[in-house]
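Below, subunit A partners subunit B and then partners subunit C, in two separate complexes.
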Partner chain A sequence: MAIERFRIDDRLVHGQVVVGWGQPLSLGFIVLVDDVVADNDWERELYRMGTPPEMELFVETVESAAARMAEFELRPDAGMLLTGDIATMDRLTAAVPAIRTITIGGIHHRQGRSACLSYVFLSESEIAELTVIAARGVSIVAQDLPVSNEVPLDDLLRGRTG
Partner chain B sequence: MITPWLPFRTRVAMLARLMTLQGSYNYETMIGNGVAFAMEPALRLLPGGRGGDAYREAMARQSRYFNAHPYFAAVAVGALARAELSLEAPERIERFRTASCGPLGSVGDRLVWAAWLPLCSLFALSAYGFGAPALAVVSLFLVSYNAGHFALRIWALNVGWRDGLGVASALAAPIFRTGPATLTRVAAFAAGVALPMVIANAVGVRFTGVAVIALVGGLGATVLLLLNGRLAGWRSAIWLLAASTVAAMVIR
Partner chain C sequence: MSSQAGPRAVVAGHGTFAAALMSAVARISGKAEVFVAVSNEGLDARGVEEAIGKALKQHGASVIFTDLPAGSCTLAARRIARLDSSISIVTGATVAMVLDFALGAGAAEPDLRRAAESGRAAIVVYPASGGAGGN
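Then we have the complex of A and B:
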């Protein structure tokens, strides 16, 4: 088994991840990649409490996640890697060329962002970051839950409003 | 750091407003507006009172995007109200607000949507299978589900207020760690009992007795154990139920 999904989701570990994806994929571990969370005791503890006891949680910086990627890929169970924003995934895909597909699972409303899907809101700078990632040959899709359709990046940007 | 005090009346007002949380849902701020609305009675206690600068800044901060399980959001409401009244740094409050969304959603989804709700539904279905009248079935579901629901909201608000931004340790309670898996097993058992009886009732076949159900259930469980994870229990159960239903209708 290996890391089954590389997901961008500003909620990081939450219900859609541990229940929506965790059960059908039988996830055994989650790799949370966020420099701020990795450096903060109470945030790490909070996310650990949100992770079911049957799943292992690794909280990593971009650098440490890239360094441990081979180790994660060799695990016998299935895993999911999460970043809270596009910029972090951009750095990770630059450091780990083996990542070929990423999924946008949830980027929610904030000032300066406009709606692409009900669960994806993007700013101009974030679209530029996604374009950079795609130019590396990485496939980008949006999909919040396994029962939803995958929306390719081009379709996602075509659906943008405002 | 100020140690704040929350009058009982304010706490009750916050609890009552928490019941409206799901009504605030929208795709932009999710339940952010509802969180601010629930917290508002406490924010009136800020220096300057209702309409003061501190109140307005806190309301603006708390109305932004927030997404967690609606019952467990009460933990955040209590914790954030305490942080606001303790005059914590806004950056720290916002960081907690952002970080608490996921874990409070995860714990709530596992405990309530994936375990407690199905369990209460299946208990009510079991009652129907045993021949309880419709009003009793509906009452059983509403009372059992809401006993857990209200208890959870009250606990969540109180623990959030008690522990403030250090509330993560409260989520380490066994009920939140191992509780969902235990409840799910009980729900699976209840489903095994309830569904055949409900179908038997629906198609008009008389109940053949607990011994038959126990025998069939025991055989099914043994087969699943022997297959050692190669066959999902719920899939095989659904197929078996469908086949039994068709057979029962043909025999009838």
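Then we have the complex of A and C:
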């Protein structure tokens, strides 16, 4: 097994991740990559307590996640890696060229973002970041839950409104 | 025993969970005014925290009921409670649990523990009889 999904989700560890994906994929571990959370004892503990006991949680900076990627990929159980924003995933994919597919699981509405899907809203700068990631040969799709269809980046951007 | 007119608690959860719970409480007890419903629909982590915080402030409520212990509403509630020591959180909210709270008058720890126990006590499994029963 290995890391099954590299997911961008601005809620990080939450119901969709631990239940919606956790059960069908039988996730054994989650790698939460966020420099701010990794540097904050209370936030780390908050996410640890929000993770079911059958899943192991690793909270990493971009740098430490990249350094430990081979170790994660060698684990016998299935895992999911989470970043809370595109910029973090951009840095991670630059540091770890082995990442070939990423999934946008949830980027919610904020001022300056336009709707692409009910769970994906993007600003111009975020679209530019995604374009940079895609230019590295990384496949980008949007999918919030296993029962939803995967939406390729091109279709996602074509569907943008506002 | 203290009593407070208007909402004493925020119910926060996924989708229409909170609104549905309040609807059930209203049908059973007529006490829907005890709660304010908040949904995490379409909100990022910060948005959920802002929505719950706004509901608490607007109504002077001091309790947050949430659905999943690992859900975004619970994480948001815990961030709020970290900054405001008067806020209590109860996770795993059910109709039985919030109904107990609605029928009481307080929002102190014993009231919350009693409500939580009512929620637990309402969970009963009647296993399939395998065709042995029926008379």
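Quick note on the criterion: the second predicted complex is superposed on the first by the 162 of 162 C-alpha atoms of A that agree within 3 Å, B and C clash if a C-alpha of one lies under 4 Å from a C-alpha of the other, contacts with A are read in each partner's own complex, and residues count from 1 in each chain.
Everything below uses one rule, namely that a residue touches a chain if its C-beta (ideal position, glycine included) is under 8 Å from a C-beta of that chain, and two chains touch if they have at least 3 such contacts.
All figures in this text were calculated on a predicted structure; none of them were measured in a lab.
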item	value
Overlay on subunit A: subunit C relative to subunit B, clash or fit	clash
Of subunit B and subunit C, the chain that contacts the larger number of subunit A residues	B
Touched partner set for A:P24, first subunit B, second subunit C, both or neither	neither
Touching partner for A:G159 - first (subunit B), second (subunit C), both, neither	neither
Partner chain in contact with A:E54 - subunit B first, subunit C second, else both or neither	first
Subunit B versus subunit C as contact partner of A:V37, first or second or both or neither	first
Which of subunit B and subunit C A:I107 touches, first, second, both or neither	second
Footprint overlap on subunit A, where subunit B in one structure and subunit C in the other make contact	10-15, 18-19, 42, 46-47, 49-52, 108-110, 118-119
Footprint of subunit B on subunit A - complex, ascending	10-19, 37, 42-43, 45-54, 108-110, 115, 118-119, 121
Touching residues (chain side subunit B, partner subunit A) in the complex	27-30, 65, 67-69, 95, 98-110, 113-114, 165-166, 168-169, 171-172, 176-178, 180-181
In the complex with subunit C, residue positions of subunit A that touch it	10-15, 18-19, 42, 46-47, 49-52, 84, 106-110, 118-119
Residue numbers on subunit C that touch subunit A, as the complex places them	14, 40, 42-45, 47-48, 67-72, 74-75, 78-79, 82
